[in-house]
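Alright, structures below, take your time with them.
Common to both upcoming complexes is chain A, partnered first by chain B, then by chain C.
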Partner chain A sequence: MRITQGCFSFLPDLTDEQISRQVQYCLEKGWAVNIEFTDDPHPRNSFWEMWGLPMFDLRDAAGVMMELGQCRKVYGNSYIRMSAFDNSHGWESVRLSFIVNRPKDEPGFRLERHEMAGRNIRYTTKSYAVDRPEGGRYG
Partner chain B sequence: MDLDASPMTDRVSLREELEAVGIEEILTQLDRELIGLKPVKTRIREIASLLLIERIRKRMNLTTDVPTLHMSFTGNPGTGKTTVALRIASILHRLGFVRRGHVVSVTRDELVGQYIGHTAPKTKEVLKKAMGGVLFIDEAYYLNRPDNERDYGQEAIEILLQVMESQREDLVVILAGYGDRMEKFYASNPGFRSRIAHHIDFPDYSNDELLAIAELMLHDMNYKFSDEAREAFIRYIAARVTQPLFSNARSIRNALDRMRLRQANRLVADLDRMLDADDVMSLQASDVLASRVFLKDKS
Partner chain C sequence: MPPDLLIPTLPTSRRTQQEETKMNQHSMTIRGKDRYRSGVMEYKKMGYWEPDYEPKETDIIALFRVTPQDGVDPIEAAAAVAGESSTATWTVVWTDRLTAAEKYRAKCYRVDPVPNSPGQYFAYIAYDLDLFENGSIANLSASIIGNVFGFKPLKALRLEDMRLPVAYVKTFQGPATGIVVERERMDKFGRPLLGATVKPKLGLSGRNYGRVVYEALKGGLDFTKDDENINSQPFMHWRERFLYCMEAVNKAQAASGEVKGTYLNVTAGTMEDMYERAEFAKELGSVIIMIDLVIGYTAIQSMAKWARRNDMILHLHRAGHSTYTRQRSHGVSFRVIAKWMRLAGVDHIHAGTVVGKLEGDPATTRGYYDICREDYNPVRLEHGVFFEQNWASLNRMMPVASGGIHAGQMHQLLDHLGEDVILQFGGGTIGHPMGIQAGATANRVALEAMILARNEGRDYLAEGPEILAKAAETCTPLKSALEVWKNVTFNYESTDMPDYVPTPSVAM
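Showing the complex of A and B:
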């Protein structure tokens, strides 16, 4: 099952040129673009690992694309996303994030039903990928 | 990325092309604002022409590869290396050979780390900031410390070389430094020499040129020499160039700053006087002659 989260996730995967243009848009807005990766695809997982340091003061997308290339070499079979951080007063938060890399095979989620008192049911979604330990989830 | 929006053609008017990119403006500005430096200006004109033709060739679908644009500026202190680097960046930007046209000026401190594993991220961060523009490395020979084999400078050099080669379309690197030391630096790092296409040597200024520079600087600051002061300043230059630690235009700037100081002091000494614009604008011979340079001259 294809994970959809962040911007553009209902579109086909972005090509490198499209990614680079989006990054350039962010840089022109004065946002710092950062690269994050994870192998836990749960939508509520908001703590992704950061690739390198935050990249402030860049002028051109080529620098970000260079880092993305290196991140892909190491974590090519994980989720990688770009996040654009706006440090201007009043925002101070992420303005845009989108997935730029995903594992070849995304096994999807199962629905778990917990039976509670009084025949109540609580639902949990759990990724099949996290059955395996961290680092070995996507082969 | 779409750098060149102009359509493919097989006939191009050179004049129109030149006017469209507007580099002639920058070149004449260079001629006007920088005094002397004949060989440098000729060389920059040559590079600009080459790039203009290269740009037209690209539109005619004739080009094969991005030309190597990395440069090396050698010359004594104060000969205008940094100023020229800024101009080069805007020429390259107008011609579309760098995308943003900004200049990131760094020295060894910003490239080389202080402990193991510190250098690579540091160098890469600078490179990322310079992407799409020009990276100006001042006093580049400090990168290499041949006397210390555990120096991290070599690591920075390796990363630089790799990016200079593999991302030629993203980044132009300009190395600057004093002639003799740069020579030694290239000798111990042959990789650099072969990756740099343009070696430009900045000559020292002649005394007349230094005077012209001084007048230009004063004009920009809304000051002027009185006639006697100009005479005195000509003698000042002649004396100053023979002294040690002379750094061309930078020394002239410092001398002018000290003269402004003395002029202010002279004016403040006489509190009862009414001043007009001419008084506060002009430097008198006494402001020049009070310099230490003349003291040494007499002794």
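Showing the complex of A and C:
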């Protein structure tokens, strides 16, 4: 399966050139770009691990791309995403987020159903990957 | 040089000496003992026409389009509107003297002829804050659009816009969730959200209905939606719908790894029924519920409070609004309804598509969107926004564009409506020749391709068709959608447009 979180998951994987142009767009808006990675891409897992701090005060996408290269060297078989933070009043949140790296094999999720009274069902989404311990999930 | 507008002063200020026309005479108010002599007196003499009045920061200001009956003095008609929407009755009453009557009288302070509309006048009326109950749209609207709309000396009356002072705004909860928190909860940033209304809107069984939801969400939409008139009918009991829909939502979530939702319409005949349905939606883990505008302002506010307490996004379908918003001469403008709904506390509101099948001139629609999404609205007469409005950090409300839109219009939709909007492709998803999933995928790919191009700095409006064609090279469903709906447009003249248009400045 292909996890389709983020802004561009329905397009063919972005090239580094394309990623760089998106990063530049964020920087020109005054947003701080952050690189995050995880091997637990559950839809409710808000907090992926941070690759350093969000890159405040940066002007050129090249700096972010260099960090992405470093991150890929260590976590090349994990999910990596770019998130851009806007600190302006009334937003103070993420303004753009997209996946820039995926494991070779994406195992996806199973849906567990717990039957309750009155035909009600409690649903739990479980990542196949998390059956294995952190760090050793994608082979 | 920015374009000049026909009326250069802010509508909240009185007219300057140069602009003073015969129409704007000085106060005619009769004062002292004579004011309370029994009998009938013209409204303009009773204190409802005060051209020298300076509106206070805390006043609520309403702008009405007044069409007096033939032979009725426009000033008298405007004063009557002020009177009938505040303290007046048809005759002088001595009991006025038991109150601070002058404070409670609404004051019409300015009347302008409407450009290019003989017989119509814009009347600006200021109301003291003490005339209204805190946090109650019902109370506000009972005055402002109460008896006065049936008043005989008027041919027609329309409430065009309102300025709501911060002091009043702060008495309302506002949107239960707001755009920022909705995006955080849904984990969707940087692009419009995508939705679809399940079709056919009536007649599907719960099981068949859930099928449509599953296919659309799995194909790439973020939301699906009940239509306004899906409640609990013989063909589908509401519990059936909720159960099958949540099966669909959860399955699609697991299949995509994304957070998904479906607007479960809890509209019902009584508040008790609505609360029961909302509680069940919560129990099933839904992130969003929906209500219809026709349930009434108080019911909407109650559901907004429920939604805030239960971390639920609240979608409002504006069912019924066109009965009073569409005609220019009579009723209530949708920009006023949008302001009231932001106060009342809904998170989503249908606000027009510009390019789709339903009424919506681009400039007017832009005005509605600004009212939903901005923290501060400047005067924009060219968008029909007559007043400055400070929202004082009240949550932002997500506009929804729905009705006759398709993937081939993606560049226009993004240009007209921006990024913080939900694009709902009902027919444009479910009517896809390769099936519902393919229809959803076509919309999602078209959207992502357009956002990518926009962020890269391309002129996506001009290059839109080209960008879509390129994306379709690697996406057969998009190719097929572009082919099927390539010539579908809805070009009809709007029935409601701004009265003021920018004109080129004469200054060099």
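Some notes on this structure:
Keep in mind that, in the parts below, the second predicted complex is superposed on the first by the 135 of 139 C-alpha atoms of A that agree within 3 Å, B and C clash if a C-alpha of one lies under 4 Å from a C-alpha of the other, contacts with A are read in each partner's own complex, and residues count from 1 in each chain.
Everything below uses one rule, namely that a residue touches a chain if its C-beta (ideal position, glycine included) is under 8 Å from a C-beta of that chain, and two chains touch if they have at least 3 such contacts.
Everything numeric here is computed off the predicted structure, so don't read it as measured data.
Using the contact criterion defined above for the overlaid structures, shared-chain residue A:134 touches neither chain B nor chain C, since it reaches no partner. By the touch criterion defined above, A:20 reaches chain B but does not reach chain C. Between chain B and chain C, more residues of chain A are touched by C. By the touch criterion stated above, A:115 is placed in contact with neither chain B nor chain C.
Once the two complexes are overlaid on the shared chain, A:53 sits against chain B while remaining clear of chain C. With both structures placed on the common chain, the touch criterion links A:67 to chain B but leaves chain C unconnected.
Comparing the two interfaces of chain A, the one with chain B and the one with chain C have residues 21 in common.
Residues 1, 3-5, 7-12, 14, 18, 21-22, 25, 41-44, 46, 83-84, 89-98, 108-111, 119-123, 125 of chain A are the ones touching chain C in the complex.
Taken in their complex, chain C has these residues touching chain A: 180, 183-184, 187, 189-191, 220, 239, 243, 246-247, 250-251, 253-259, 283-285, 375, 393, 396, 441, 444-445, 448-449, 451-452, 455-457, 471, 474.
Those residues of chain B whose C-beta lies close enough to touch chain A in the complex are 1, 99-100, 102, 121, 124-125, 127-129, 131-133, 167, 170-171. Residues 17, 20-21, 52-53, 55, 57-64, 66-67 of chain A touch chain B in their complex.
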